[in-house]
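Per-chain numbering from 1; labels A, B, C, D, E and F assigned in written order.
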Amino acid sequence: MNDILDKPRKIYVTRKIEFNAAHRLFNPDLSDEENRKIYGKCGSEYGHGHNYLLEITLSGTIDRKTGYLFDLKELKTILEEEIVARFDHRHLNFDVVELEGNVPTTEILAVTVWDILESRLRTITNTEVSLHEVIIHETGKNSVRYIGE
Amino acid sequence: MNDILDKPRKIYVTRKIEFNAAHRLFNPDLSDEENRKIYGKCGSEYGHGHNYLLEITLSGTIDRKTGYLFDLKELKTILEEEIVARFDHRHLNFDVVELEGNVPTTEILAVTVWDILESRLRTITNTEVSLHEVIIHETGKNSVRYIGE
Amino acid sequence: MNDILDKPRKIYVTRKIEFNAAHRLFNPDLSDEENRKIYGKCGSEYGHGHNYLLEITLSGTIDRKTGYLFDLKELKTILEEEIVARFDHRHLNFDVVELEGNVPTTEILAVTVWDILESRLRTITNTEVSLHEVIIHETGKNSVRYIGE
Amino acid sequence: MNDILDKPRKIYVTRKIEFNAAHRLFNPDLSDEENRKIYGKCGSEYGHGHNYLLEITLSGTIDRKTGYLFDLKELKTILEEEIVARFDHRHLNFDVVELEGNVPTTEILAVTVWDILESRLRTITNTEVSLHEVIIHETGKNSVRYIGE
Amino acid sequence: MNDILDKPRKIYVTRKIEFNAAHRLFNPDLSDEENRKIYGKCGSEYGHGHNYLLEITLSGTIDRKTGYLFDLKELKTILEEEIVARFDHRHLNFDVVELEGNVPTTEILAVTVWDILESRLRTITNTEVSLHEVIIHETGKNSVRYIGE
Amino acid sequence: MNDILDKPRKIYVTRKIEFNAAHRLFNPDLSDEENRKIYGKCGSEYGHGHNYLLEITLSGTIDRKTGYLFDLKELKTILEEEIVARFDHRHLNFDVVELEGNVPTTEILAVTVWDILESRLRTITNTEVSLHEVIIHETGKNSVRYIGE
């Protein structure tokens, strides 16, 4: 490599993935009336669903040997194992262990995705890459961002 | 109006709407094994879901008085009453009378939406506008088009 | 060229362009009350505006020498001269001669763009390319298509 | 709720809205020549227009009871009352009190939207949610971000 | 299935795929000067590249048993074998046998993709599905459509 | 200007540009086997290509006279001279002096674009605008962000 990497360069790399899932916003600890007031049509009994679009961002220093922050083929594998396999073509209220006991709002989902990925990335010892940001678009109009704080 | 409309002009007007729904691809007339073979993960027991994006196209001659094909405020009302109210935040296998006894594939959904809208438009007697096309995008990758044939 | 073009191949080529314009939907031949009824907030006195996105499609046979239907650099020049120069950063009710005496609905606009381009293409004698379709997206939700009928 | 919310989680929630407006970039305190030099075709006399797309981001801690940061139905109402009602289908140079005496650039617009929303959010006393970011896309190519600094 | 499919319904199903490829527009049968005149910067010596986005549309009658036109999992496999494996991460002037002796314009590419898929679909004997349309977007601004004529 | 700019307002302005280029991920200092392991199909001999989409963000205080952060016409000229002229319709491994001796990953490209623009902006002495962020989307799925750290 030439002089571009003579000083360390902090970089952010984002990968988008999608999954299609059903959910119902309903808190069993609350009365039906309170549920209706808080969740409206999102509490419809059998659930509804979304094409969830996720943006997963890692940060760290560009590797002098590869010119990469992190091998995106490896990231793709991690995201398929940890996120797609868990959430895609599922009903978030019934099929996902990590969400049990929670109302599967997009806020809760973003935190859950962060916790899962953060935990997985810590098992990769030969890298200093960090999870920087998880964004989930529930629709084209609504999205949620979590940065681990 | 000036000479632009001195000859009749056939025009196509498209309005996009969205609804978020859950569905499960499962045919109760078939064995579980056959269902798995045909529908794969789309047959997941509790269902999954999508942000369905629809493109509804009307055709006809531009009105000399208004310069419109059809009042889009009226079309918006029709689409909200006929489509959004029926499908949005619903589970297509349980909540929609018109789909009863059918596997709610996007193909079936497109035909159903066509039939509903075609029937409603026939009740509007002071216009010669026709339903031209129904497109449904199930995801950013898959879509289905029906033109009434 | 090899055998791909041994038989003539009919092809459709689409180029997208944009212009940003103001307009007011108001028909001076009608009463204020009728205008309000027909055009609602689109008749707001000083006008409002849009980022108009156009899709212009030509059709014809692929040229054996170039592998092109039509030189897109030349099409770009034509679209800049005929469309962008006429409509971009303009108020459609005051600044565009071709729209005088018309309510600048998207329907009227699509027909006007067709007439302008059709007329210009007829001046190009060394080609058999035809104008096939003009689509105008007024917003991300509404669009109009005209095919010269 | 289970342990996901046992520690407070800071979350960012974004809602997109659109409005269609006309504007003219022209500073009456400057000479015509200076206006032309600074604003070019954006100073065209009768104005032009855009489909403005806004991304409004709130931040705060996820509510343990609802799993929400903030009720998006309430946010939608606020945005319709404060933003859509004020700016949609308007001419920014004539119809918006808050912009009087200002050149309605996207920069000025972003700050104005921030000030309006920040002021409205302060009237909601039963929440600790904060306005975090206002992004306005004037076209698909240009956007402006303001974060209250 | 209920009465929705009591009459045969002709349906169009579209699947999007992408590939990333390099190409150079250069016709070795023409002089350098003529090449420059026709292809301009698209003839740059080492080539340039695109994220090609394809829309592949099949048509036919909805299957009464499955509610599908055609199994999209099978279509996905066909597109990966025939299109992605041939064109993705390739230089169209050097790596694709089917394009040899042709200038790899988007027009030529669309016809080539059509011929490959049409030929493959004819090997599937248990279906009456037809290839209806191939659209290739070379950039967000330019696209080409071929329907087999 | 009225009171909106009575206090200085820090603003971020983003402009999107695109260029179409070929590249090959290959590090001549490594063995063929190591290259294959690291870069996979991205190392294909003749290269492949992308429609690169860039988001360039400047930050600073809104100018009281113009209501702008920075004249976007001037920014457009800078981006055409520094970025489009250098990278568009090029092969990044052969045609770009600034990338010589580097593997043209998107990470390296983002840093290079930053260095070029930062250096150019320092030559503009009558402004306090700063380069804030460079984002490069290599595909619709992968992007890289650099903020000069």
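Here, a contact is a pair of C-beta atoms (placed from the backbone, for glycine too) under 8 Å apart; a residue touches a chain by one contact, two chains touch by 3 or more.
Everything numeric here is computed off the predicted structure, so don't read it as measured data.
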Type of subunit E:subunit F copy interface by residue overlap (half), same or different: same
Per Cα centroids, the chain farthest from subunit F: B
Subunit A and subunit D, separation of their C-alpha mean positions in angstrom: 27
Inter-centroid spacing, subunit B versus subunit A (mean Cα positions, whole Å): 31
Rounded Å distance between subunit B and subunit F, as computed from the means of their C-alpha atoms: 42
Residues of subunit C whose C-beta touches two or more other chains: 140
Pairs of chains satisfying the touch condition: A-B, A-D, A-F, B-C, B-E, C-D, C-E, D-F, E-F
Touching residues (chain side subunit F, partner subunit D) in the complex: 1-2, 4-5, 9-17, 57, 62, 65-69, 71-73
Residues of subunit A defined as touching subunit D within the complex: 25, 27, 30, 38, 40, 100-108, 110-112, 115, 140-147, 149
Contact footprint of subunit F on subunit E as seen in their complex: 18, 20-23, 41-42, 44-51, 88-91, 93-95, 139-140
